[in-house]
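Chain naming follows the written order as A, B and C, and within any one chain the residues start at number 1.
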């Protein structure tokens, strides 16, 4: 019982981190229908920049994060402007963007490897100490992480609901010709969407880097988890991604407890298959 | 008609050269490279059949090859089954497993789901291999898998793989020019029109999926008997990228493209080794550059040159 | 207000418009007739930037707009109501109308335009919080027209507004368009298959056939059967 409760708590924590990982993926897909197969390394880059500023220049955590996010936003915009934008204008863009981002992912992963070396890094925790409630024990750091994730999710949903740019992004996601007819600049919104998604993804990399280890290759593992989550929650649905991330985080924690960590992957795969067969639009997704 | 003939002549010339090559002072190393070329061009050609013709956006074909390789390796090593049986069995097992577990669920869905599902499938295989260490050798892999025949040398393996290469390419050529192949070209060019002709997309794609995974699995079988070992590194990112690069470099959706691409990559990869740790960086950059700036690949380059030459010739001969 | 000259338009290799010229004067209602698939919708799409023309000139308020991206044309005060509606189906009626006021120049007058839309289509006021995916065909058509009005437009191009609607709903939509013209003095370019109704409200008509303008007439000079005959 004690073990189970502790597993569930840690499942919730990793689930909320996976949610931020999945958000960037689902935002890009929802608006532009590009499936970013270079997603993982984007998160890794965000984390590495923060790590570098923290440990080499001694910049405090908050400005280091902000600087890194500013870099991610401009990087996202550049990637859209100079690679995705021309590819989207060609036939067969759906798969050529997939292959391109895969190639770019490998390229960037190895650039990170060349620049920072293969050694494992980690971003220091935000707060020390642990919270004890009965037999449940949670690190304050993890409490802080969950708090941050909640703030990020709330901020994003407010952004999509109430700002002009956020509404335009939702409009483009639902109908591109409709958006053109009301005078939305599609190129600009796509560019901003990539900037936003890269920022969120970079931020999720930073959060994951404080909880888990960091090396140039770990992004692939994060990304594939993100893939399963967004499919589970329905491609392009942000609320679906959050729910799916929590569910899968819990499943992962329970499976690790009872069967061992080695079975986590096959279980994710089987769950993924079941969802695809029964409800390809995802658990919360409205359309396929 | 003239240009068809010179192309045909060139192809025959190349084939004759490959046939005579072991007697033209080939070293054991270059024969080894040719064997790799035969096998990888089959993997690439089958992948291209899915991706370039049938529009099945699979990312798991290296996994198919590994399933075939492990099946043949285990059968030959642990049970002593002779190679002329292990290779077809490897193909059939791969096709059955992959078509049931991936093809049936994935092909009803749209493009991106296929890419996701196949990638995650291939990603699950290494952890399965570690789970079944007693049979598959885990991270160490399988070694000293029996060759095609006892006492086989490189020349023997060379010719067996060459014959296999010819047979598979002939099959693919026939498919591309068969009603099924035509149906795919129709689907690619106009989905609605193809529906009007009564093309059942799901069934046609499933057929290609089954056949293509069969041939890829058999190529895996050829691989282990020709080279003697297989390990989870086959499922790593590098072979995956190399094969994608072969298809993209050669020209997606063309018959000769992946074969040309395989030749360039297999022989070029040896030069790439000089780049050491930068190898994967260069490979990633190569794929990005081709997709962004030269989506037609080498084949398109040939067509452009041919066009120019023809125009030049036409200009010289006055029109009557 | 709108001057189109020698417009050529292609769908890949297929030429859809051949040297089309057309004028719409300030405050006019102009109807565009012609058989299906002969280039009426393509002409509207070319004007509003969704289907850029290959050759020719489109001048709007004296400014060349041919080949500009769609959003820049909307910003100049030209609204297009597509036949397919293209609503944002997972948003409410109100959210769709707000998005209609996306161009900067439409923001300050958002309230006034919203009141006008609800005045013309009282039904939309009742359903303002309903998701667009749950609307009937006629209501969705009203949202599409309303969304176009929200952009503070000076020329409204309406593509087959009555298509697929019940007879009663058709009348309601035609009445609304007439009302928009009378109360706002809106310049309107309309494509319609219901020749009788469209003819009644327009000042001039064009007939487009095989991608070319077959004839142009003032309303007084033309009969319904002359237009119908021209279809065959």
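By our rule, a residue touches a chain if its C-beta (ideal position, glycine included) is under 8 Å from a C-beta of that chain, and two chains touch if they have at least 3 such contacts.
Note that this is a predicted model, so its numbers are computed, not measured.
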Chain contact graph, described as a line, ring, star, complete graph or other shape: line
Highest C-beta pair count, chain pair: A-B
Far-end chain from chain A, centres as C-alpha averages: C
Chain with minimal offset from the mean of all protein Cα atoms: A
Whole-Å gap separating chain A and chain B, where each centre is the average of the chain's CA atoms: 33
Computed distance of Cα centres, chain C from chain A, in Å: 42
Gap in Å, rounded to a whole number, between the CA centres of chain C and chain B: 53
Set of chain A residues in contact with two or more other chains: none
Complex contacts: residues of chain A adjacent to chain B: 29, 35, 37, 83, 86-87, 90, 94-96, 98-100, 102-111, 113-114, 220, 224, 227-228, 231, 235, 262, 265-266, 268-269, 272-273, 276-277, 280, 288
Contact set on chain A toward chain C in their complex: 164, 167-168, 170-171, 174-175, 177-178, 180-187, 286
Chain A-facing residues of chain C, complex: 48-50, 69-71, 74-75, 79-82, 84-91, 95, 98-100, 102-103, 147-148, 150-151
Interfacial residue positions of chain B with respect to chain A in the complex: 51, 57, 59, 101, 105-106, 108-113, 115-117, 119-121, 123-124, 127-128, 130-131, 237, 241, 244, 248, 277-278, 280-281, 283-288, 291-292, 295
